[in-house]
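Some structures are shown below for you to check.
There are two complexes below, and they share chain A, which is joined by chain B in the first and by chain C in the second.
Entry: the complex of A and B
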C-alpha cells in the first residue's frame, strides 16, 4: 500500500510517551524519502507518456492521469508524515531547550543518543535564540516556572556539586544528601537538572 | 434607614477600593497574563505596561536591599520580597507564554502581518531566528531530499494554491470569559450576530473564542 511507511513513522511517534523522545528512526525516514523519489519517478513517467501520446496533460482524465494523481497524493501524504514526525520531535526538543538547555549546554547522554545530528544542531540554535532573547529583554525566563508560594524552599542535594557554590545571597557547600534552606530562584535551576529535590510538607 | 445608608457608603468605598486596586499595574499585568494564557492566538504585546512593571520591579528590589541593609524586621522584608517574587513570576510567565505561542505558530505568525505587529521587537527577532533554525532543520532532515516540486515548507507541493502546511491557531476553541460591562450586539463582529447577541456584565460565559475576539481586543472582556 502506498504511503504506509509514512503512516508507520507517525504511528511510532504517536505511540511514544507524551513529551518523551524515541530514538530518531533514520532508517524508516530514509525509506519514506526513497518512496517519495520512487513516486516522483512514476509520476513523471506517466506524464511523459501522456505527453508522448499527445494528450492534454491538464485536461485529459484517462487512466494515466489518475495513476499520476495517485502518485502525487501518495507523495504528499508521505511528505506530511515526514514533516509531522520531524516537526513534532522538534517541538519536544524545543521544550528540552527550555527546561535543560539554557543551563546545560550539552544534553544528557541518554537524550543525545536519541536525536539526529540535525536535531542536535537545532537544539543548540534554539537554546541560543532563547538566550539572546532573554539577554535582550534582560529577564531570565527559565526560573520561576511555578507560581511562588514562599521565597525560600527546603531542598535536599542529590548529587555532589562541589563546595563554595555561589548563590545570590551566600555561598554554600552543597554536599550530597545535605539539606538546605535556599532561595527558590537559586534552587530552581538545580532542581530542573535533577541535582536537588524540593522537600515538601 | 441609618444602617441602610451605612451599608451603601461602605459598599461605595469597597467599589472605590476595587477600582483602585484593579487599575494598578500588577493587576493589569495579571489580566494581560490571564488573557494571554487562555487565548488560543497571540495577543497584542503590552509594551508600556511591561516597561512600567520592569521599572517597578527594579524599584522594589532596591527597596528590599535597602531594608536589608537597614536591618528592618526580617518578616517585613520577606513580605516585600514575596510581593516582588510574585510580580516577577507574573512578568516571566507572561513573556514565557508568549514565546511558547510564537514557537508553536511560527510560520503562521511570520507570514501574517497582523500577528507580526502584535509582537515586541525582541519577540520579532526571536521569531525570525526560530523560523530560520526550524526551517534549516526541516530542510536538512526532509525537504531537501524530496523531489523538486515538493520542497516548500509552507505548501504541500507547487500545485497548492494556498499555504496548506502551516499550523494555525484554532480560533474556534471554547474559552471561559467574563464581560467587564454589558455587551450588546454592536460589540460583536456582525458575522456572528446570529450566534451571540449580548453578554451580561460579570457573568461567567463559556463561549467560542472567535465570537468574543473583537470585544477582547477592545478590552471589554477578560478571559478566565
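Entry: the complex of A and C
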C-alpha cells in the first residue's frame, strides 16, 4: 500500500515510551526516502505519458491524472511522516539539554548511542544558544522552578563518581553510598542524571 | 487542521476506509495481491483515510462507513458503551470519527458524543479506584485518547498524594527512562 514506509517509521516512534528516545532508525528513514523516489518516478512516468498523448495535463481528469494524483499524495504523506519523525525527536533532544545537562558527554552513554550525528550537532548548538542566553540574562534557567526552603540538601551518592569533584564551594570526594550535605544547585544536575538521590526527613 | 507534526494525528489518518472508485486509475497498485497496474471504474477497495479524503474531495471516489462505525457497533454502544472493546476496532475511534463525520456520515458525531459521555465517567472512576493488577483488563478496551485520560487522572492522583505526604522534590529526569540495574 502507498506511503507504507512512512507509516512504519511513525509507528515505531509511537511504540516507544512517551517522551523517550529510541535509536535513530537510519535504515527505515532511507527506505522511506527510497519509496519517495519510487513514487516520484511513477508520477513522472504518468505525466510524460499524458504529454505524449497530447492531452492537457492541467485540465484533463483521466485515469492517468488520478494515478499521478495518488502518487503525489503518497509523496506528501511520506514527507509528513519523515518531518514528524525528525521534529518529535528534536523536541526530546531539546528536553535533554534543558533537563539533564548541556554537555553531550554528560549524558548517559545509552542515550548518546541513540542520537544520530546530525542530532548531536543540533543538541550542541541548542545547548550553546541556551548557555549564551543564560549568560546574557545572568540567570540559570534550567534549575528547579520552585524556590528551595534551604539552599543545602542532604544527598546520597548512588554511583561511583570519582574523587575530587569540583563543586561551587568545595571539592568533594563522592564515593558510592556516601552521604553529603551539598548546595542544592550543585546537586540538582547529578540527581537529574540519576547519580544521587535526595534524602528527606 | 491538527498539528502537522502530531504523531497521533498521522496514525489516526492511517485507518482504512472502504471506497468505491468513480474513475478508472492508471499506474497504481491498490491491491498488492494482484499484478494489475490499474483500477477499474466502480471497483471497491480499502484506502487509508489520508488518501481517501483527498480523492473523495476531488470526486474520484466515494466513501462508505468503516466497520468501526457500523450498525453493529452502534447497537453495542447502546447496550453498554463502557464495555465495548474500542481498541481492537479502532484505536483512534474519536479522532478518526471526527475527521470522517463531515465527509461520509453526519450521524457519527452523535455516536461519538454519546459513547464518550458514558465511557469518560467510567475511565475517571476506574483511574482513581482500580487496583494496579486489575487495570490491565480494563485498559485493553480503551482507545488511545481514553488511555491518555486514564494516565492523566492517575498521575494527578499521584501528584496530589506526593504533595500531601511530602517527599523528595528533586528526582531523576523522567526523560532518561526507567532506571535499569547497573550491569556489574
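Heads up, the rule we're going with is that the second predicted complex is superposed on the first by the 175 of 201 C-alpha atoms of A that agree within 3 Å, B and C clash if a C-alpha of one lies under 4 Å from a C-alpha of the other, contacts with A are read in each partner's own complex, and residues count from 1 in each chain.
In this text, contacts are C-beta pairs under 8 Å (C-beta built on N, C-alpha and C of every residue); 3 or more make two chains touch, one makes a residue touch a chain.
Since we're looking at a predicted model, the values are computed, not measured.
Aligning the shared chain A places chain B and chain C next to each other free of steric conflict. By the document's definition of touching, neither partner reaches A:154: not chain B, not chain C.
Within the superposed three-chain model, A:130 lies in touch with chain B and out of touch with chain C [touch as defined at top].
In the overlay built on the shared chain, the residue A:61 is in contact with chain C alone; chain B does not reach it. Among chain B and chain C, the chain that touches a larger number of residues in chain A is C. With both structures placed on the common chain, the touch criterion links A:29 to chain B but leaves chain C unconnected. Of the two partner chains placed around the shared chain by superposition, chain B is the only one that A:40 touches, whereas chain C remains out of contact.
In the overlay built on the shared chain, the residue A:88 is in contact with chain C alone; chain B does not reach it. One geometric descriptor of the composite model is the angle centred on chain A: between the Cα centres of chain B and chain C it reads 80 degrees, in steps of 10.
Of the two partner chains placed around the shared chain by superposition, chain B and chain C are both touched by A:80. Judged by the touch definition given at the top, the superposed model places A:114 against neither chain B nor chain C. Following the chain A superposition, chain B and chain C show a smallest Cα-Cα distance of 5 angstrom.
When the two complexes are superposed on chain A, the residues of chain A that touch both chain B and chain C are 80, 83, 87, 144, 148, 184. The part of chain A that touches chain C in the complex is made up of residues 1-3, 7, 10-11, 13-14, 17, 19-21, 42, 45-46, 61-64, 66-71, 73-74, 77, 80-81, 83-84, 87-88, 92, 95-96, 99-100, 108, 111, 144, 146, 148, 153, 159, 184, 187-188, 191-194, 197-200.
Those residues of chain C lying in contact with chain A across their complex are 4-8, 10-11, 14, 23-28, 30, 32, 38, 48, 50-51, 54-55, 58, 60, 166-177, 179, 182. Residues of chain A touching chain B in their complex: 29, 33, 36-37, 40, 72, 75-76, 79-80, 82-83, 86-87, 90-91, 94, 116, 118-119, 121-122, 125-126, 129-130, 132-133, 136-141, 143-144, 147-148, 150-151, 184-185. The touching residues of chain B, counted against chain A in their complex, run 54, 78, 81-82, 85-86, 88-89, 91-93, 95-96, 99, 103-104, 120, 122-123, 125-126, 129-130, 133-134, 136-138, 140-142, 145-147, 150, 156-157, 159, 165.
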